[in-house]
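One chain, subunit A, appears in both complexes that follow, with subunit B as partner in the first and subunit C in the second.
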Partner chain A sequence: MLEGQIEQPFDVGSIEMAQQKGSELVMQPSLSIQTQNVGRIYKLHGPKKKDDAKEVIALKNVNLEVHHGELFGLLGPNGAGKTTLIKVLATLLLPTSGTASVTGYDVVKDVKQIRRAISMVSGGETSGYGLLTVEENLWMFARFYGLDTDTARRRIEMMLDVVGLTDRQRSKISDLSTGLRQKMNFVRGFISDPNVVFLDEPTLGLDVGAAREVRGFVKDWMREHPDRTILLTTHYMAEADELCDRVAIIDQGQVLACDTPENLKKRLRHEPIFTLKVGPLGPKPSHDGRIEAVPGVRQVRVDDVDGHVTLNLTLAAEDALSNVLAHISGRGSKLISLEKNEPTLEDVFVDMVGRSLTVDTSQHGGGQDE
Partner chain B sequence: MSLAERLMDSSLMRRNNALRSFTVAAWLGWQIESNWADPFLFAIYSIARPVASVMILVVMYSVITNGALDQPIFAYVYLGNALYILVGQVITGVSWVVIDDREHYRVAKQLFTMPMNHALYLLGRGVARLLIGTISLIIVVGFGMIVYKIPISAATIDWPVFLASMALGITTLAALGLILGALTMMMARHFWVLGEAVAGALYLFCGAIFPLETLPAWLRVVGFAFPVTYWLEVTRRALLGPDAVGFPTLVWLSDKQLLLILVGSALLMVIGSMSFYRWAVYRAKDKGILDMETSY
Partner chain C sequence: MNDEGRVRKATGFRLFWITLWARAYPRIVGTTREKSWIFFDTLLPVMGTTAYIFLYRALNAPPDYVGFVVVGGAMTAFWINVLWSMASQLYWDKDAGNLELYVLSPGPLMAILAGMSVGGLVMTGARAAAILTVCSLLFNVTYQINSLPMLVLVFVITMAALYGMGMVLASIFLATGREAWHLSNLLQEPIYLASGFYFPIKAMGFWVATAASILPLTLGLDAIRQLLFAAGPSLGFLSVKAELAILSVLAVVFIAGAYVSLYKMEEIGRRQGRLIERRR
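And then the complex of A and B:
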């Protein structure tokens, strides 16, 4: 633990049931983050002052419990409310209703204590004082956390080495590429050795290699700091699947499910999932003529790629596949390939909300700033 | 280890969050303000700009008064204008930081999730502008003493009054800057001019370039309500010594009374600005605009 950082308010020990005492949230000792019926409504004003404010519900009765040592994922499409929830927990935003606590402290009343224990890194974040060097930027942020120069420099060197930025240590931020700036911001998020880290879409905008490095760093950090907590938001299912101990699926401001990725996928395991690559399906038929209407089809995701169509199908039973093949043939298309899949978190999401994670739901009332 | 690093590593700094926020911010502010590609250009700019601005006023005064530069009122106008450099620099230096961090460097989110005292951070960032303003002030006053024979002498300056008035004046200006910074926190990018707008608007009403007595009675009220009026007056008196009696402004107030008014107003401004700042942060968090990037 760093000098200047708070001690854990509770011993990490026995798990007790959370209790609601009046309107006060009673924190379980084993919990790092807890939210109780958290809601957030934005009032959006039109271009003219006299226009009535439009209310957008970004979060609705969110209840979450994240334990110490957990890498917890918030999975949802753009506009689902993930960033809004992180902002509430990181003391950047007041909840409209409900209560939330981080390391046992209330996000509204105990802002100072929470800020000593947390850090936040947003993906696509290319911010920083461009006229300072990478080293100066990180040293300055470390100073704000109360680290002495020697400790700050030691950590900066070590972490820059981990993310492969050592040779750019003395480069000005303004001279760095977007990806390198993002890596620097990632280092900034961990330089204070925080108890709780909020990672908001940390690999957004990174190339494949850099994203892999970031995921590797997160895994290593959690392995080396088993008492710390990371709350990760992402709309990359594979990322959530790879990194997270537990995942909450959030859509339109509401938590739809919360479990381990394995358990979430088990929910669909009894339903066969197939990926079919077929030729062009021709003109869009009426509602009754669509694949969704084929008997036995529970869910379908259709992607047009390079002159062929990929169908991701969740079926009620395997024998429904013959109905689908007949339907495809009836629409003048041909089967190119067929593959039976294990369910992914995306399939779980599609099963729960009836649409893909890539669909932006911000217009339907999700977080306004995602 | 540099001097700045050694200073910031002292145990006092490490223990005291407010002091740490202030000093690290002051270091950052200086890095930003002095970040000129060519230090020589920076020095020229620091000298040429204030001298050029005061020359405009001197020429205007000269034309109106047929070159009566030896009158006490000239020293009054000259010093008022020179001291007013600090008003713009300190007010804007503090309030502009909110826009600079939020829209230019886009670090508001990071700053507001760190364990720092953000109000002290804003004030710390303003220190660099205060230093630049002070250098400009010294240059302009020195230029006036040499070229226009402004009657200032180290022997006749009332140093205790001068130092007290400077400390109180700068405190008041910093508090005003904090209020404007807090206001900026709740506004969009085009309010970057807020500090300059306020400084510019008050220029006419605080006796910087002409005595308040020359204003219509209803406009004088604005000047009397503005602490800078008293700061300019008592500082001019402290600097000019006996020559200050040559211009008729706030004559019914002694130096001591002016200082007392300054003490009261500084205290009010500090308490008021901190309260207003806390309220503004709460409002910004409530509205969800604390880390807003308007991309104007």
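And then the complex of A and C:
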């Protein structure tokens, strides 16, 4: 195809519905991304040559279906395997089992077609060359995607304006702060007009303001390009909640649940969640005397903060609260404040795996890469 | 942020071509932005070259030997560039996060490497010309060019073979996973010796010179000296035509080898996860 022709890497109508034969993937035309039983195992070698390679399971039987026009989130702690899955879908890594497709093309066999249709932006990215200006770096990457110079410059100006970087257009990228550099990375990721964008922890390391601007950019882009797809990985539950149409919760290489944030939270909604701020709880009781053992308490997270204790409680029913208050009083403490909470995705995650999203599980499997 | 329709994108050879020049760009503009090269890449090599010139003068060597050393000193710049900015570059690009973006983009990896070569050649050409000019003026070197078209042809083919070798080394350096600068250090000095940078390669004897001829600079430098100096042909290893023929074969072999090793590296990288791992 010569320059001047419009490239459409994915024509929904042209995809033939293949019949499933053995491990062949049956691609549905409405899907932008599909995985069937995708697994990935890393072999890690010890410091000595004679050491046997240790196998680490990064992904295990991952089945996902992402539709065109969806902003799909992969939510999980560090080391869950989110980045590994993105790298498999972005053709940087081969799956060791299963099949996957992006825009209808197989990630193992149809590498060229996929690469024309996708783009990727990672958090904390330091790509580009420091002696080039923002504009020159973006131009260079745009050219790698086949954009002519006029189109590249027009899009660079337009997108720098969107992210508020116009005044830094001629700054060397080595002079940019982390937040400004990440904005430039976003422009790089979207400059090629991709069908599918992989965003891997895009707000990692950004301050609150910069992260908010980045999320705003993502939302605007999806609103203006309703036929495109974004696959976002994050371990920030609020980010997944705010941005994603659907979320897959992933832990130790396995997808535990996949639904809209609303539906995922509904799973817990029948169980009231309270945050109690109380005074110091006195000496640590025996096992039976702990708050977890109070009748009606399903889960509790205890945080000691500045001389008081915060209890995040999931109860079997609201009337169990009186049992908890009696328990607190019995341990010589006083209630300072009480708040009833709507469940968050963090609560969903804790309910499913029994620990917080902030716990790094990379030693168990998943991300050598996160 | 409305794009007003899909963006037009080049494919095929046009994509290869624009990718090549896009990757060459940082190196070409780098020549004007990082002025420190004037000191590090010109004055320092001039000092090294000067030491050999005084050595030959102390030994009462024929005057053309001074010219031999000056040309060798200028060509050293290309070898340094191939070693440190070609062979090691993909390894460093991996650490910076550029490699996975290169692999991910539809622009062919071969075009990226070719762009690095073209950019490196332009950048280093300026350094080599500076070394040649400064040393020629300082030491009053006399050139007697036998055939300018042949000289240009030998230079072009030598560079094609040399940068082809750099492209092969880029994949090998990446595949070995060892620290790139260790490998570069390991190769730097032995190749100074084997290429005859500071003396005619004929002096090493037929078999050693033959073995050293696997390095494009060995025969390229020998042929260039034969074409530039009156005493060149008498001190040449093989005839210029024979050296040009061998260099042409080397250029084809190295560039084809670069293509094969690059795609093999990508395949191994995707299988073993080496494209995404970073040094920490």
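One rule holds for everything that comes next: the second predicted complex is superposed on the first by the 342 of 370 C-alpha atoms of A that agree within 3 Å, B and C clash if a C-alpha of one lies under 4 Å from a C-alpha of the other, contacts with A are read in each partner's own complex, and residues count from 1 in each chain.
In this section, contacts are C-beta pairs under 8 Å (C-beta built on N, C-alpha and C of every residue); 3 or more make two chains touch, one makes a residue touch a chain.
Keep in mind that this is a model prediction, so the values were computed, not measured.
Asker: With both structures lined up on subunit A, is it a clash or a fit for subunit B and subunit C?
Answerer: Aligned on subunit A, subunit C clashes with subunit B.
Asker: Go through the superposed model and pick first if A:91 touches only subunit B, second if only subunit C, both, or neither.
Answerer: Both: A:91 reaches subunit B and subunit C.
Asker: Just subunit B (first), just subunit C (second), both, or neither: which does A:306 touch?
Answerer: A:306 sits against neither subunit B nor subunit C.
Asker: Which partner chains sit in contact with A:128 here, subunit B, subunit C, both or neither? Use first/second/both/neither.
Answerer: both
Asker: If you stack the two complexes on chain A, which partner ends up touching A:221: first (subunit B), second (subunit C), both, or neither?
Answerer: It touches subunit C, and subunit B stays clear.
Asker: Looking at the overlay, what does A:193 touch: subunit B (first), subunit C (second), both, or neither?
Answerer: second
Asker: Output check: A:115 vs subunit B and subunit C. Expected answer is one of first, second, both, neither. What do you get?
Answerer: In the superposed model, A:115 contacts both subunit B and subunit C.
Asker: Between subunit B and subunit C, pick out the one touching the greater number of residues of subunit A.
Answerer: Partner touching more subunit A residues in the overlay: C.
Asker: Which positions of subunit A sit in both the subunit B and the subunit C interface?
Answerer: On subunit A, the residues that contact subunit B in one structure and subunit C in the other are 3-4, 42-43, 87, 90-94, 112, 115-116, 118-120, 122, 125-129, 131-132, 136, 140-141, 143-146, 148, 368-369.
Asker: Tell me, which parts of subunit C touch subunit A in their complex?
Answerer: Counting only subunit C, the residues touching subunit A are 1-3, 5-12, 14-15, 18-19, 21-23, 25-26, 29-30, 33-34, 96-98, 100-107, 112, 270-273, 275-277.
Asker: Which residues of subunit B touch subunit A in the complex?
Answerer: Subunit B residues touching subunit A: 1, 5, 8-9, 14, 17, 20-21, 24, 27-28, 31-32, 35, 105-107, 109-116, 282, 285-288, 290-291.
Asker: What residues of subunit A sit close enough to touch subunit C in their complex?
Answerer: 1-8, 42-43, 83, 87, 90-94, 112, 115-116, 118-120, 122, 125-129, 131-132, 136, 139-141, 143-148, 151, 155, 158-159, 162, 192-193, 220-221, 224-225, 368-369
Asker: If we count contacts the way the header does, which residues on subunit A are in touch with subunit B in the complex?
Answerer: Interface residues on the subunit A side: 3-4, 40, 42-43, 87, 90-94, 112, 115-116, 118-120, 122, 125-132, 136, 140-141, 143-146, 148-149, 188, 368-369.
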